[in-house]
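Quick one: the structure is below, and I'll ask about it shortly.
Just so it is clear, A, B, C, D and E label the chains in written order, and each chain counts residues from 1 on its own.
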Amino acid sequence: MNSIVILLAVTGLGLGALYFLVASGLSLIFGLMRVLNFAHGAFLVLGAYAGYQAGVHLAPSGATTISNGRFTLVLLAALAAGALVGALTEIVLIRPLYRREIDQVLVTVGLALAVGALVLGIAGADPIRFPAPAWTRNVTNIAGASIPNSRFLAIGVAVCVLVLIMVFLRYTRLGLIVRAGVENREMVTALGIDVRRAFTLVFALGGAAAGLGGALTGVFYGSVDPGLGSELLIFAFIVVIIGGLGSIVGSALAAVIVGLLQQFANYYAADGVGDLAVVLLLAVVLLARPAGLLGKAIP
Amino acid sequence: ACGGSSSGGTGGSSGGGSDGSPVKVGMIYSQTGVLAEYGAEYRAGFEAGLKYVTKGTGKVNGHKIDVTWKDDAGDPEKASSNFTTLVGDGYKIIAGSTDSGVASQLAPLAEQNKVLFISGPAAIDSITGANKYTFRSGRQTYQDVKTAAAMVGGDIKGKTVTVLAQDYAFGTANVAAVKAVLGAEGAKVNSVLAPLSAKDFTPYAAKVKQAKPDLLFVAWAGNTTQTMWQTLDQQGVFGMTKVVTGLGNVASYGAYGAAATKVDFLSYYFPGAPKNAVNTAMINNLKAAGKTPDLFSPDGFVAAQMIAQAVTKGDPGNTDSMVSALDGWSFQAPKGKETIRKGDHAMIQPEYVAHLVKNGSSYTPKLVKTVPASELAPPAGYGKS
Amino acid sequence: MSQGPLLELSDVHVRIAGSHILQGVSCAVPGRGITALLGRNGVGKTTTLRAIMGLNPSSGSITFAGQQIRGVATHRIVRRGVGYVPEDRDVFAGLTVGENLRLAVRDADPDYELVYQLFPELRERDKQLAGTLSGGQQQMVALARALLNRNRLLLIDEPTKGLSPRLVDEVADALERVADAVPMLLVEQNLPVVRKLATDVVVMASGRVVHTGSADSLQDPELTRRLLGVALAGGPA
Amino acid sequence: MTATPAELPARAVLQATGLTCTIGGAAIVSDVDLGVQDGELLGVIGPNGAGKTSLLNLLSGLLPATSGAVQLDGQNISGWSPHRRARAGLGRTFQTSSVFGELSVAENVSIAAQAFLGGNLRLWQPATRIRGRSERAGAALELVGLAGRAGIAAGSLSHGDKRKLELAILLAGEPKVMMLDEPMAGVSAEDVPELTELIGRVRRERGATVIMVEHHMDVILQLADRLAVMHHGSLLLCDTPQVVMADATVQEAYLGGAL
Amino acid sequence: MPDENVLDDVTETPGNHSTVAGFDRGRVLRALPQLVVVVVLAVLPWCDISTGGILPANLSSPGSLHLLGLCLVFAALALSYDLLFGFTGLLSFGHALFFAAGAYLAEIAMAQFGVSLWAAAVIAVIAGLLLAVLVGAVSLRVGGIAFAMVTLAFAQAGSIIVNQDPGGLTGGELGKSLTFDKVPDALLGVVNTRHVYWVALLLLVVVYLLVTFATRSAPGRIWQAIRENERRVEVLGLSPYPFKLLVFVVGSVLATACGVVYLLLVGSANPSIITPDFTLSLLVMVVLGGSGNRWGAVIGGFLYSYLDQRLPAFAASDAIQSLPTVLRVPLSQPLFILGTLFVLVILFLPGGIVGTLQRARAGGDSRSLLRAALTERQPGREEKQ
């Protein structure tokens, strides 16, 4: 096969993995709680900056790369920061609005505005170099195509996240509780279940996924900036919606489709067609299957 | 309290030359928003310039200069509001415009309301020659590109030049300029445009390689810069062609990453480039104010010089007289001698070629050569649609 | 346990969106048998049960086994052993029958046997989405969820609504059997069922309790006509 | 099993032939032939899950039929959308009350009246100027005894009152055939006779044809001209109440023992 | 109106029905506050009073009138959005498309076909109508979130096209300046700002009257029924689709008209008005004021755009800049203040500003305002799903 096709296919998969990583938390929260979390982009940014801060404190000053062990700590810091803001968001903002579904979505819009502006105010608009091991900046040669290693990292982590979320949903009661709780919160409490804790946990998980996604975006780009959240958010939305409500596998599938489509369209088609193609895909999929590729219609 | 509105303010009266009344100057610039950094550089430069032209008195030709700063956040709508407020208050001199969108919004408004408008760092070519009332204190895209051409030397004929840019005004203006400048010299110019939303630049790097250019001209701005350079490096573009790009502000030096030392830079300005008394004065004034000289310091400084000229040689109450005072004016600026070309107000000025030198974990620019102003003059009517 | 009633309400008020719905409800549920809560549409029967469950904010005092439960979170009230079957069934439409039941399980050894014996259909329909069940089948799910666990008190809101006459019989039998072990507060419009099951009655009218007494009082046709507007004297319907 | 030829209605307003609906391999309603005569009240009974509601859903078009046909007034309406059937005079209520919760009780009924009166897309016509809109709504509310609650939000009605509102909404639309799904469910014992009387009166006065699913046997025996018995998706029997009540299978499958 | 009775008086929201008696007097009385507001707004340009920093300058100054004009345009736009969102329950993420269509198409008509402003306005509105029919017909085939996302996709496509600058028509990310020579002189220039302000006021009044009329019309009632329960509407014999399409088209055409006035007021069509963020800000406006309520939308639109315009000035003020860092950094970000404010309104003022005021009025005293806010958050059976 042509090396350019390999290059585009593998990097397209990498891009899809990135989209999945930034979308998985959104998909989890949206799928289980039906809250389209507009603050997800803010979670991503906070995760990325937390990772950066951890890296700055861990790395010897002046160094632009860090060891694998420290890098793991960077990812964990991002994960933890995401989980924390997720849980806080649920407790402080979502919880008082349990019966006002639209308001839950709207409050995340306000949060997104406020947090985005706050990060901009504190960190400044300029991109900062994200700490990562040297190997993530190198390439691996596959049949003449130079694939950046960060793509392999993204693909690997994305697969892990996908599997973890699936296992989690299958083997714990949490998924059940939350799905039931969204339908009728009162009735779940009337079965003796503390549904609030379950909701908080879902937000924490979604936030953790976002935090991790933010950090990996930092590795993918090589840098992070406050605008990264809102830019990626729209792709995360598209991926979640195309994939279908409540289907994490659908999100993964959609992420791969969007990533590949964009990569190939950007290479082969005229300038700007790649973007239109993605938007068009969204419209066409929804008109044909309003619940998305793998989504279940809400009964 | 209802009655006829009065415009108020002294600028509105048609008083004569140096009657000592204060002159109100309105600055509409990006204090916040994506270009806030440039805005801050501009503002510091202007204040240094004001100190220079008033010799610390705050007065020019007996007029106290009253400066009002307004934030447009890079949004033409807010710029338009600010403009209306200032002009409604009797301001006859407006300057600032960090963002090209704001500049092109304000230029026609200046003409309509007959006020002097001195555009700031906005690079868009069409501000030159926009109308009689519109000036600029900085460079335009054409001059940047022409500098890059000067770097290549004369043997460009028949060579392939690829422009890698983002698909929006700043990028496409650069493509147009390269086609105009190098195309005219016989180069085959093609372009690779990436949408602003692109997340992975591998396809573009691949396209660049496919084009096999003898020279790659990169026109890039914004927060994806670092990613883009890393991708070009990873795909081995530096090994196959000469790469030229514009040097950004100090904070951006790190963004080139491994590519930093492999690229030839055209530079609009960096503090070490020019050697003259005005530049030294600007740097000293900036340092005295606790600021650092940077990419767009001269734009602010020159704006102050231009305003001083306008109120000295012209009548601050009469826009036309200020326009005549500036039209065709030559003066010593921080970058050396600059001339406001008569008629279209192109700012004829030198630019620089530089390399980045790594020391420790940071980079410093080193001057390679100065491209004289005369070589960079845009053709008359360039950039008008 | 204490000698007094299992559940006791005194001067309970509920206001929702400006209207005063319960205006000082006081009554008691003894620790055995079935207490029927009667009254016509809109008098506040459902609201009373919801107030007990902590699903409506209320004022006054509600004690369960001697302890104040007013103001306690709903799930904690349930964990103290109060089972609830809501009026609108409130099955989780998007979950299967099996998931609905599994969600309700609190005890280590849920009594699936009783449930499947009562409603064998639920076993067959384990994988069906509860939202697609017929009205009566949903009612079975709602009842089953409360019967799976060992409760100390059951609050049941119109359990026979929408059930076929045959099933009404069966449910009534089942409740009777369950009531041997667990006392109940039962809201029911089907008076023959009430007559068959109730050991005590509480009658409400416009947000207040207007009569309490043993089920025998339902034998008095004059009283029932005055309280409920219908004579109960006739034979089985 | 339908009525014998001798008893076949002179004019079937609504006629279902071979009506079948299969979901996921299971027949929810299978091969139902049913004719409803003009002005008659047909009671539909059967165990829970027998397919009564599904039958109404098929007739009103909310559930697509797998096979079979439905005729209204001799016209084949199979495949028509729910709203088209409703416009043709096929009205219904729902087993679980389905009202416009945030709108007032009066507005709920007025909208139904307006839908019936037509001209609904006339942007230039103020709703209140539609002749007869409020009279009709007022009359319907009066009829079910909710006139006193006209101003409150329909969502805050008690359960029983919602059932009455459902009925008023239906009445305001003056359907040719009214399909009622368990109108008595949750209605307090005191109100049952009243509501029963109401349905009987509407039927007499408006000459409406009624299909009524109901588990209250005393109500159905009082009102129904004929009874259709559903069981496992099929029509077990359709005959006079006397015949149906005497049937052993019905006793066994549906009525049960004691109460 | 003889056939008015209590039944009809109880309209949009239960509970706010007026007393039965004296209907005509009631009607006049109810219209009175609205009339007063319009008259007050109309005479503002003659009121040369100081605003103490609430507005950029004196009330009658061009700067203040320009800002108020923008607020009026956004109030009208929010109202047109509320027709879809608040009254019919259609969550569209594509409303910006139609607003932008008004601004861009009017400008393109003037620039390309050389028609006058009025003709351009008519052309834009007709084109907006066709576009709305097309977009509505396709997107309304799906409901809920899918509808929101399909409309978003259309708006994104519009945004991409505008940024691509096809044939130089849209000016890409710089936008297009108003073709001033097609605009009557009375509407040009800072000195005539008051005239443009009146145009904006007229727009709001017209949009308000049309929306009022539409929501009271025959289909208007059906829209509300659709918001509550679409399936039920179907069983009443009405297909929801044409009703939804009708309201979509009406709302969109009104937005297009708002776009034309925006062009006139700001002097340019720029791509910031076709971003998803822009539609999101419409949602914020409507919810801030109180959705499903005409005054709510108007007040929300007005307030949001006021804050959007004035917060940068507030952020730059000395009062803020002299604060300690912990306070200064967040407070100098206008969006931080807006976002926080919005969150607070949702949490503590359910039903938005107007909804809260209404409840407080119903309750009577100020304590009930708090209680109203609190009771809304307590469990009530009607709100469970």
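Everything below uses one rule, namely that a residue touches a chain if its C-beta (ideal position, glycine included) is under 8 Å from a C-beta of that chain, and two chains touch if they have at least 3 such contacts.
By chain, with names taken from UniProt: A, E = Branched-chain amino acid transport system permease protein; C, D = Branched-chain amino acid transport system ATP-binding protein.
All values derive from a computational prediction rather than experimental measurement.
Graph distance from chain A to chain D, where chains that touch are one step apart, equals 2. Number of steps on the shortest path from chain A to chain E, with steps defined by chain touch: 1.
Compare each chain's C-alpha centroid with the centroid of every protein C-alpha atom shown, and the nearest one belongs to E. Counted by C-beta pairs in contact, the busier of A-B and D-E is D-E.
Distance between chain centres (mean CA atoms), chain A to chain C: 45 Å.
Chain E has its Cα centroid 37 Å from the Cα centroid of chain B.
Inter-chain centre distance (chain C to chain E, centres taken as mean C-alpha positions): 49 Å. Computed from the mean C-alpha positions, the centre of chain C lies at a distance of 29 Å from the centre of chain D. Residue positions of chain C with contacts to 2 or more other chains are 16-17, 46, 55, 90, 132. Touching of two or more other chains is recorded for residues 156 of chain D. In chain E, the residues that reach two or more other chains under the touch definition are 164, 332-334, 379-380, 384. Those residues of chain D whose C-beta lies close enough to touch chain C in the complex are 23, 45-54, 95-96, 156-161, 182, 185-191, 193, 215, 217-218, 253-259. Every residue of chain A that touches chain E in the complex is listed here, in rising order: 36, 38, 93, 96-97, 99-103, 106-107, 109-118, 120-122, 182-187, 230, 234, 237-238, 241, 245, 272, 275-276, 279-280, 282-283, 286-287, 290-292, 298.
Chain D makes touch with chain E in their complex at residues 60, 62, 81-84, 86-87, 91-92, 98-107, 110-112, 114-116, 119-131, 133-135, 137-138, 150-156, 169, 173.
Residue ranges on chain C touching chain D, taken from their complex, read 16-17, 19, 39-42, 46, 87-88, 121, 132-137, 139-140, 158, 161-170, 172, 189-193, 196, 228-230, 236-237. The touching residues of chain A, when paired with chain C in their complex, are 173, 176-177, 179-180, 183-184, 186-195, 298-299.
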